[in-house]
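There are two complexes below, and they share subunit A, which is joined by subunit B in the first and by subunit C in the second.
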Partner chain A sequence: MAVSVAKQGYHLGHHDEHDANHDEVIYRETRDMRLTGFVLFLGTDVVLFSAFIFAYVYLRTSIAPVWPPMVDGHQLPRLDTAFAAVNSVVLFGSGVTMHYALEAWKHALKRRFNLFMALTILLGAGFLGGQAYEYAHARIGGWSGNTFGASFFTLTGMHGLHVFIGVWFLIALWIQTSRGVYDDHRFFGLTAGTLYWHFVDVIWVVLFFLFYLW
Partner chain B sequence: MATLAPGVQTGPYHAVLDHIHPEPTSFIRKYIFSIDHKIIGIQYMITGAVFFIISGLLAEIIRTQLLTPNGLLVRPDTYNSIYSMHGSSMVWFVVIPLLTGAFGNFVMPLQIGARDVAFPWLNLVAFWIFPVAGVILFSSFLVGAPDAGWTEYPPISLMGPPGTNLWCIAVFMIGISSTMTGINFLVTILKMRAPGMTLTRMPLFVWAQFATTPLSFIATTALGGALAALFIERVFGVPFYDPKRGGSPLLWQHMFWFYSHPAVYIMIIPGFGIISEVLPTFARKPIFGYKMIAFSSVAIALLSFSVWAHHMFTSGMVPWLQLPFMIITMLIAIPTGVKIFSWMATLWGGAIRWKTPALYAAGFIITFTYGGLTGFFLAAVPLDYHEHGTYFVVAHLHYVLYGGSIMSLFAGAYYWWPKMSGRMYNETLGRIQFWMVFIGFNCTFTPLHWLGLLGMPRRVPNYDPSYQFWNVFASVSSYVMALGTLLFFYILVDSFRNGKKAGPNPWGARTLEWMIASPPPYYNFKKIPAVLAAPYDFGNPLPYIGLDAADGAVEATPTHSSHPVPTH
Partner chain C sequence: MESLAGIEKIVALVGAVVVGVFAVISLKGEWNKTGLDDHVTKLLLGLMAFGCILVLLAAFGILPRGGGA
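Up next is the complex of A and B:
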């Protein structure tokens, strides 16, 4: 955005500077600003998750007498940790393939990049499928039944929404690469996409601990 | 200034700074969907002023209602909606957008010598969320406006009218806008300062915005979570807050105040910044304790994240947590006191010119200190048990939010009006306006302390007849304050019609925005200047090199610069 603005721009008193080196300086500076902005955005997302995580921890530790809570005299079952563990491996695997995809792009290995992008998107979609299966089989009273369901479905749903957006983000980036938007030393979008994908992974680590191991 | 740095530092970001994007020609791109930070700042100002008038009218309905013990004007349930909307609108749609969106946008990039903010398009989107969210908020009157106070505590807010859903949406949206602005400003301040402007050469208003940004995007996002939970509980019945279903009303209070206490500082730290610009300019003296003022803003911002539960002493919170919250709250008085004393020391021995901005700055110091002291009372757990939920709290919060935030907004408005419009305002009318607001304000809210101590509860549409005298006194005084506010808008209109041209630097100020034409040209600075020192050394030559005189820039000799001042 800022790059294109700068490129459209005209200069007052600096006509002689409009050479390739100057463009490079501008690119690096705007990339730096956008990267900072993007990381701050991810920081705000962490806070949003933290708000709901706080709600969950608070309701679980300070309000509920037992956990999982009692509904109609019966204690709710725990979640299926084994299945979720397998699903987590799928998501973490996509983090690994995303890393290799970015590395391949940096080294101008186009075919390798395409392979790892495809794998990442498939694994991301696979995780979403696994989560859908789990939602269908979780016997904890639904989203609006009790505080367990409320915190579980809200938090994992928010996370799932982030994965869903992430998958489309990666697809959009992939289309951009095929249209020649990036080259092997100007690829800010791919960096941002990779950061976002790793961020979604890290959130899942926390959620996995909070809902399945705790 | 003979000892200036031998080599001017050229910051790593000067290439971006040097670029100028072309000025749009169509009316819509220039004034409606503009990406120019100055236009966006003025858009924020106009929108905020509209919401200020509406919320002010709501306040006058409240005061008129309280003229008689049984309530003069509206039904009790309508009264609940009116004070709820007054508070919500004043906090989220007037004070925060005006201090950050309006003044932050207009002044901050000029003061750091930039041509725009880091992300101009994000700025445009952030602004346009604001009026849309405001319309959504006020349209809740059509379906039954929220009636649980601006804090919307469950379980009352869970039972509230349908407009409460619109309230959630509107406040969530303005939160997103605030988050965008916070990120945008932080990147701008970190990355786009003019060459040579190190952190400790930044104007104090920029420091204030800098300290505010993390509050805007961390605290606001936490509120977003709380609002989203309230919304899904109201609409889909997902239990978070309903105690009957395993939820907890205290959970809302924790989440809400984790945001709303830092929000108090979003609403005052930029005001501190404005006062720190106005005082040295009108005292013709270097600001006293530049670094202390700058760092104390950051200290306040950090501390503000660990004091929220002082709003909840009477809510049934675990008792052992009360003591740490009380102590940390009282600690905030230290950085705040550092500022107050630095400002007074700035005035001390200065050649003060009592123009309207200076009057407002001095008024601010008085009323804000008063509000800060009653805050100290409320932070003390035993006193809070007595005063919580009474008019003492109402008086306290208006002393800091009106006597603090709005007074600083008036100071900033008069101070930067010549820069924004290119014209001077009528000084006599300005002074009359100050005294109307200052006297009206103090006579409205001082008696409310006494009523609170006597036990008059807040948020109730009627009261014991023994409270009537001071209520009538407060209401009549509030009309004076309201007339003063209307006079302010008349002064602006009058300035447009009859004001004489301001020139680049009517106050003889030293920060960068005064070094260019009024109003500033589209690209701000024809050449980005290099900065050699902090801007407040009155009596010394200006610490800038490379300003372009052809552009309306002045190699300014301030009108009163001959005042001999020791440098430090």
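Up next is the complex of A and C:
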């Protein structure tokens, strides 16, 4: 009887181990597929932004005789570069803190992970606040008033929407980590969140150059 | 408003140096990793470091050429 129970235990233990290995293999294989899919998704977003960016470059170089364009006989002012530079640093800083959050998670440093996640979300929200402030104070006409305003509000609005979604994405990931969805071996969601966050940072590099430095 | 722009430029300058240094350190840490996510991360961190250089150029008044706010 005892031998039978022990055998059964052995078989169950063996079965569990087999299941765990099987799960690991499935996770690794699907992780690569999901990662490829996510990178392709970022690629489609690059195409989307590229279309609008090329439209802006075309309008600026081919249609408008002077830039910023003239409206009612007056040339529109340039955007506030100094303020945008600070806001850019806030967003780039959030990219670095997100990178450190992921590294902390990989090394099972939960407290450090929580600190960097909180910083990332705060900086992301801060950038959105800065963007809202700039929208309220930009003196370049409205969305439909001229090519400058139309391009600026469309492109930065689209980027701002991505940041807004990104902030909620990070909050959702943070909640998932607190509920034990990820461990220090399986954390695809955090990798995807980090890639997405770096992506919105990099899109801003392009927009910052086009609207404030060019 | 002029002094406010001056303070903003100093904040941007210091921030860009700090963030840029950490971005380069992170990039260095990722350099020998070979996964797809690692390659994408390297590319994005490099571009982010480039963004910090753009902020520095703005803070020093080198860009935009016509002079910023």
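Operating definition for what follows: the second predicted complex is superposed on the first by the 196 of 214 C-alpha atoms of A that agree within 3 Å, B and C clash if a C-alpha of one lies under 4 Å from a C-alpha of the other, contacts with A are read in each partner's own complex, and residues count from 1 in each chain.
Here is the rule we go by: contacts are C-beta pairs under 8 Å (C-beta built on N, C-alpha and C of every residue); 3 or more make two chains touch, one makes a residue touch a chain.
Keep in mind it's a predicted model, so treat the numbers as computed, not measured.
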| item | value |
| --- | --- |
| First, second, both or neither for A:T191, with subunit B first and subunit C second | second |
| Touched partner set for A:S62, first subunit B, second subunit C, both or neither | first |
| First, second, both or neither for A:G180, with subunit B first and subunit C second | neither |
| Partner touching more residues of subunit A, whether subunit B or subunit C | B |
| Touching partner for A:F92 - first (subunit B), second (subunit C), both, neither | second |
| Contacts of A:G73 with subunit B and subunit C, given as first, second, both or neither | neither |
| Touching partner for A:M33 - first (subunit B), second (subunit C), both, neither | first |
| Contacts of A:F208 with subunit B and subunit C, given as first, second, both or neither | second |
| Those residues of subunit A which subunit B touches in one complex and subunit C touches in the other | 32, 36 |
| Complex interface listing, subunit A residues touching subunit B | 1-2, 5-6, 8-14, 17, 22, 25-26, 29-30, 32-34, 36-37, 40-41, 43-45, 47-48, 50-52, 54-55, 58-59, 62-64, 69, 143-144, 146-147, 149-151, 153-154 |
| Contacting residues of subunit B [partner subunit A, same complex] | 12-13, 15-16, 18-22, 118-122, 179, 183-184, 186-187, 190-192, 217-218, 221-222, 224-226, 229, 232, 236-240, 245-248, 251, 254-255, 523, 526-527 |
| Complex contact set, residues of subunit C against subunit A | 5, 8-9, 11-12, 15-16, 18-20, 22-23, 26, 29, 36-37, 40-41, 44-45, 47-48, 50-52, 54-55, 57-59, 63-64, 66, 68-69 |
| Contact footprint of subunit C on subunit A as seen in their complex | 32, 35-36, 39, 42, 77-86, 88-90, 92-93, 95-96, 99-100, 103, 191, 194-195, 198-199, 201-202, 204-205, 208-209, 212-214 |
